[in-house]
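Chain nomenclature is as follows: A, B, C and D, assigned in order of appearance, with residue numbering initiated at 1 for each chain independently.
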Amino acid sequence: MTDVLLIAVPAVPLVGALLVRLPRTPGGADRMNLIGANISTVLALTASVVGFVHGARGLHGSWFVLDHAGACFLAVIAVVGWCSAMVSPTYLASAGKSLFTARRARAWYYTAFYLFWAALLALALVKNLGVAWLLIEATTGASALLVAYSGRRNALEAGWKYLVLTTFGLAVALLGILILFAGLAPHGGTLSTLDWQSIARHAGGLPHQTALFALILILVGLAAKIGWAPVHNWLPDAHSEAPPPVSALLSAALLPTVMLIAWRVVLTLGVAVPHHLADHLMLAFGLASLAIAVPFLWRPMAWKRLLAYSSLEHMGILALGIGFASPLATVGVIIHLAGHALAKSLGFYTAIPLARHDPSSAQRAPRGLARLSTPVAAGAGISLATLSGLPPSPLFFSELLILLGGIAAHQITSVSIAAVLMALGFLGLAHALIETLAGESHGHRWRSGRTVRLAGRLTVGLTLGLLALSVSAYLLADSHAGASLMRGIA
Amino acid sequence: MPTRSAGARVERLIGASEALVLAGASVIIVGALSAVVSRSPRAGLTVQSIGVVLLGAAGVWVLASGHAVGAAFRSDVRPAFGVDGLSGFFLLVIAVVGAPATLFARDALEADGRGRSLALATGVFLLALVGFVCARDVSTFLGFWELMTLVPAAAILLARQDREARHGVFVYLAITHIGGAGVWVSMLVLAQHGALGGHPLGGGLAAFVACASLVGFSTKAGLMPLHSWLPRAHPLAPAHISALMSGVMIKLALYGLVRVLFQWLAPPGLWVGITLMAVGALSCVGGVLYALMQHELKRLLAFHSIENVGIVALGLGASLVFGDIGQPTWSAIAFAAALLHALNHALFKGLLFLGAGAFSKAVGSLELDRLGGLLRRMPWTGAAFALGAMAIAGLPPLNGFASEWLTLQSLLHLGVASHLGVALAGALATAALAATAALAVYCFVKVIGLVLLGLPRRAECAQASEVPVGMRASMVFLAGSCVALGVLPGLLVPTLAALGPGRVTLPAGAGLSVPGTGSLPTLALALALVVSVGVLARLARSPRAAPAPAWVCGQLPAAGLAWKAAGFTKPLRLVLEVLFRAHREVQVSVSAGVVQSITYKAEVPHLFDTLLYGPVSQAALRAAGVARRLQSGSLRAYLIYLLALLGLLLALARIGVLG
Amino acid sequence: MSLATLIAGVIQVAGGVLGAPAIVGLIQHLKARLQGRRGPPVLQPYRELRRLWGKSGVAPEPHTFIYTLAPALAAASTALVLLLLPIGGHAPDWGLGNDALVLVGLLALARFTVTLAAWDTAGAFGLMGAARDLMFSVFVDGLLLLVLVLLALPLHSTDLLSMSHVATLPEVWARPAHWAAALTFCLVILAETGRQPVDNPDTHLELTMVHEGPLLEYAGRDLAYLQWAAAARHWIMLVLACELLIPHPGPFVAQLAVLAAGVPALSVALAVCETVQAKMRVLRVPLLLGSGAALCLLGLASWFAGGGG
Amino acid sequence: MTGAVTWGLVVSSLAVIVVRRRSLAIALVAAQSLGLGLYAIAQGSRTSTALAVAGTVLIAKALVLPALLLFTVRRARKERLIATEIPALGRLAISVAAALAVEQSIPRFGLAGAGVEHAAVGVLALGILTAVVRRAVLFQALGFLIAENGIYLTGLSLPGGLPVFIELGLVFDLVVIVSVAAAFAAKIHEQLGSGDSSLLEALRD
């Protein structure tokens, strides 16, 4: 039963990718999109519920493993994907020319979108490192096209950089995987040798050098895809040039999901390297990302580019949480993941009405939205306030838990540095928040067209989600979820 | 039997005060919401003031009964709330400012969208303050700590969105957040090591936590040199918000400091106390010196907040030092002095900010040089304002004198302590505080003179009219409590001393009778003063005074000739030229040998901004600009980063750095 | 209440209220003599007070109740100070305590009211003096507190009675700290009583006035109050000097004798000082007072060098 | 034989860095893939599946992809590289140095021979370096192919070879990525009128 369900989770969007090509009219494609999105989301959410219910030790199947962490990621990917799918028609309606010929553009968009989504959903479930690598590479292929969808010169540039950087990074990671495979060859050189469980089981027996270099190569390679400094450079370009729904999916789903793979590598392979080297590598990546993000956040930037750099910052925070490797920090990571996903996607969605009513917002930072349009201002404000970790947003609690976990892991130095860097990063977001809402704005109020109404609806929905998240975070932070989240994986 | 009955009574007390706390909080929530839904914010604000009063009553109740209610502090992250003696006292502080402030806002806010949202912000702000005081676990504590910072910022932006306001709010958020990192780190370390749960933290970590918390909390408290946000933010806010910020919010930062230094850390050693005293001395002298040089009323008051926070810090530091050199009694006295001054400052600073609000409502701009003669036009506001000024200047028989007397006494007794270093610190602090008091007198003579007395310097001042009754009532209430606490400080001080380290009990009474002093019988002094003034004034009334113009070398007194702020403070500015670095320019335009016009511009730069904050922020921005070159846009550069990172890590692994 | 305290009480009141003007008179007379003039008789101040008491006051335009109340308030707070003073180491319990800091506070209150009155009449000269007076007070108060620290060292008390007891201890002669305090207090006396080189009470040039400036507008009984308050401040300072600083024997009678000799002697000293000293530039005064502060800190250090108490 | 293949691989990669004409570079990469494919077939001649897999890989990499790239180049005939490149010797020197640095820092990780290991890692590095030192976008695609060849060599010389699934998946991904890259290259030519990647520097901070 579960097998069927879990096969269906990636399969349905895969089929959807083909079906959306059938209808001839844009409206038909949109309807097909609606159906496909709803079915896939329902399936994925059911799967994640199943995972929560009896995934304490992880459900292990022919090709998948479903544990608490995986279930959380699955749910997040499903929700963000659903939102993006729902938003897409409005975006496509308001978008101009594209990379593809006008007649097929919409079909291409949906196909790539669903392939991308399917790969992400599968990625949260796979139990094998090699397969995971293949899926990550597949996401690159699909999403690169989406990034360049608008076909503008900048979009092409962004897509190209994204493609080249991540593929080279993944090549490095693949070398690492092969080295690991060579090391594990004595334990049966078949595909299943790269299962998380078998890696965890045999990692102890690996030659120390092999494990070390495999770990380094894999982490560096994945870092290029996750967008950890200093190999994050594609991230701001791709996020700022991609269509808003795709940016949301990239930032809120893709990066964390790849990080889940990195996390599993650390958990399984980490035991083979001396004194928590893997955790320290994660901490290094985290601090580097935080530090690199700060100077960019300090500069007034176009809306989506700002969000992109805040993604860099938050990937750093997540890396820290993983590196601290203590139950509190792990709970924090999960809350942070979900909160960041909701807030960030909300932010990207507000970019749709922004681009519609103020085309210059692709270059300049928006100003004085409060006077121009209440729903858009609310969306932008709530998203930014949440991303800057202000109470009562869930990110406030998650950051608190992550730092607390860090102290529990006796990493007071890293915690102090991280706290200062977060405060410094906050400066930029605070300035952006003030100017975006209260700055001098020109022109008269926007009339509430389709895009504005959409922004309003999304704001209400996602804000409720965020509130629910913070309430649960505030009340249940101390529950013993953390241990199971960490245990379930291997 | 009696014990059982006593126990039962305690139970009743606790039940009652818990009920009061809950009731108060919920009433405030109701008030905040009703302010939004109803057309005018008046009703909502009234409800809020009721709620605050209830909370204050609960606080007093807990303070008096000495039995904590609700949860105790805990080290894990399970949400918990509770009130103990210290929290009760600060609830009282919140109430004595919050109730008048909301009452004031009731008449001050317009019945439009902005007024309603400001009323909502006021309610949320009050809740944040209360929540911070009642928080009993780390996440609640930090959550309300942040909220307490944010809500005023939001309120300022709701009230005005001009460039100055935006910049001020940004600076406020920026500085408080960077400092706040210290609070975060120290609180998290304390929580993780179980210090909140009742095992004070000691050892090397304690020093780290002490430093972090000093930085964090004193930033929010506005202690020099981390104060730079305060004189920017406070003048921007609406009057009643400024009153709450200056009267309560910065005190709550000191509340946090007290919790950390006196409760959660094992006695942290002499240096902490000395550091706190040094910071306090710097703040009180520096604050009042810059206050003297201000030309805008609210900005001046903001600098005085720095001064008074400094005085409180002096008291706390002295208490720590006394504790360290083994004088528990004086430690407790200094502690009580600090708390008492915190309450007093809340009272008179709230009063002064509300008064400033009333003046600006009546005449608009608060440029000191363009006011004057308001006492005749606005007798109620004027008289209350003057009383508040006397109180903050630390003049007998008002409350400011009582607390400054107690603080001075403890510093002076530090000066006669048995270690040379401590004694020198105490003596210097004593002199500094005395000079501060004299400077405060100087400053408020100037303020009263420029605002209330003399000739009106502007047409608006000539036709200013008294503010509505609600605003008047709130100010009169505050002035009255200034007098009351000045006359009867003895009712409170023993309780506060009992809260302090050592749990010392002082003799109760109307005045302050402290061993090692000639005692301060406030009540008798006040009575004697009033009676003798009455008698002398009565005698002076006959024969009748003859009206005559004031003597200005035979001219008629004219507003144009009247003295201004710069002139009155000039002697001090000249004496302390080294500190102030004032620069001025006089432009005389002469045509055809006749002087057509003379323009005079003079200003005293804020040295902390020009020498510390300015350069630092410039350097930071420049560094950021350099760092941004990383994103050069060249794909090949990015690939080089990838190779470099790979090579670096591999090399490190190869040479065995990574094990 | 013992006889001693009774006598002490009588002297507190009588000396303060009736004797104070004589000090001013004496100083002026001596000064005139030293300058080779005949000068006013010693009792001149009493005549002036009587004359003023008969005259009517002046109500300048504009003014408020602050101007009206200021003289009474200043006089009243000064009068209360009189009741705090120890006389021969004794003082009746008026219920006001005998605390040194209260004394400082009351003097500050008097200064506050007078300077505020200067604002009320919006006259330029009064404010000129008020500003200078307040500027001095900043340094004088700091200095006075340092002196009090030094005096409180032996008995750890700011009670004026126990402080005056300190001066009767034999070992006080050998204490540099005490002498530092004494020297510094002389500066405080000059500043508080508004004597040269700090201020010239006999000037009639408004531009140079400090203490006299704010009094310009007043006449009649108001002026009488203020002039008496000025005189009383002389009394207070000199009595404090005799009681706290001049080392003297223990018995009450002996102490009274010291007081009786000391106050006139110090008045003479003031007169001489005024004659030989020219008035200092206003901006130089803080330097003078600052040197006093340095002296006090040296005294404090010497106290601990001498093994404390 | 192994030695010959590895050396051929390394030399041809260096040649790609040096040569000027793009079609020639494509031919070199095709030759690389061809050599590797034949080597794989020669190795995997034991089992039929291995043979089949190796064959598909050979076809995909030695025929399909080069053809695709050549097609792109043809379409963008009017190629004019505005900016001048680093001189060939310089490119060579830089690449060799960097590649040596990387491959020297990798320890033995249990392939058939040390030479193969060094060659594999070095070729991977050379692939990245190709993308660094050459300006044309096409070379960045080629660089990826070279890097992949290096990895493929590793896979071939693994004891027991690569799992079939992985190998096929690799090829599939390779095809997807390269075709996407080709599409991009074509579009870029369309828009910029040249494949000079140094024109793609509009996005910066």
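To be clear about the criterion, a residue touches a chain if its C-beta (ideal position, glycine included) is under 8 Å from a C-beta of that chain, and two chains touch if they have at least 3 such contacts.
Quantities reported herein were computed from a predicted structural model and do not represent experimental measurements.
*Asks:* Of the chains shown, whose Cα centre falls closest to the middle of all protein Cα atoms?
*Replies:* Closest chain centre to the overall C-alpha centroid: B.
*Asks:* Between B-D and A-D, flag the pair that has more C-beta pairs in contact.
*Replies:* Most contacts of the two pairs: A-D.
*Asks:* Find the geometric centre of each of subunit C and subunit D from their Cα atoms only, then give the gap between the two centres in Å, rounded to an integer.
*Replies:* That gives a centre separation of 98 Å.
*Asks:* Just curious, how far off is subunit D from subunit B if you go by their C-alpha centres, in Å?
*Replies:* 68
*Asks:* In whole angstrom, how far does the Cα centroid of subunit A sit from the Cα centroid of subunit C?
*Replies:* Roughly 78 Å separates the two chain centres.
*Asks:* How far is the middle of subunit A from the middle of subunit D, if each middle is the mean of its Cα atoms, in Å?
*Replies:* 30
*Asks:* Multi-chain contacts only, two chains or more: what residues does subunit B have there?
*Replies:* Residues 628, 631, 635, 639, 642, 646, 650, 653 of subunit B each touch two or more of the other chains.
*Asks:* Can you list the subunit A residues in contact with two or more other chains?
*Replies:* Residues 160-161, 164, 168, 172, 213, 236, 296, 299 of subunit A each touch two or more of the other chains.
*Asks:* Using the contact rule from the top, write out all pairs of chains that touch.
*Replies:* All chain pairs meeting the touch criterion are A-B, A-D, B-C, B-D.
*Asks:* What part of subunit A is in contact with subunit B in the complex they form?
*Replies:* Touching subunit B from subunit A are residues 160-161, 164-165, 168-169, 172, 208, 212-213, 216-217, 220, 223-224, 230-231, 233-234, 236, 273-275, 277, 292, 294-296, 298-299, 328, 368, 390-392, 396-397, 400-401, 403-404, 407-408, 412, 415-416, 419-420, 422-424, 426-427, 430-431, 434-435, 437-440, 474-475, 477-478.
*Asks:* So in the complex, which bits of subunit B are touching subunit D?
*Replies:* My answer: residues 628, 631-636, 639-640, 642-643, 646-647, 650-651, 653-654.
*Asks:* Once bound in the complex, which stretches of subunit B touch subunit C?
*Replies:* Those residues of subunit B that touch subunit C are 373, 375-376, 386, 390, 393-396, 401, 405, 408-409, 412-413, 415-416, 418, 420, 423-424, 426-428, 430-435, 437-439, 441-442, 445, 448-450, 452-455, 511, 513, 516-521, 524-525, 528-529, 532-533, 536-537, 539-540, 543-552, 557, 561-563, 567-572, 574-575.
*Asks:* Would you pull the subunit D residues touching subunit A in the complex into a rising list?
*Replies:* Within the complex, subunit D touches subunit A at residues 106-111, 120-121, 124, 127-128, 131, 137, 140, 143-144, 147-148, 150-151, 154-155, 158-163, 165-166, 169-170, 172-173, 176-177, 180-181, 183-184, 187-188, 191-192, 197, 200-203, 205.
*Asks:* So in the complex, the part of subunit D that touches subunit B is made up of which residues?
*Replies:* The contact residues of subunit D facing subunit B are 98, 101-102, 105-107, 125, 128-129, 131-133, 140, 197-198, 200-205.
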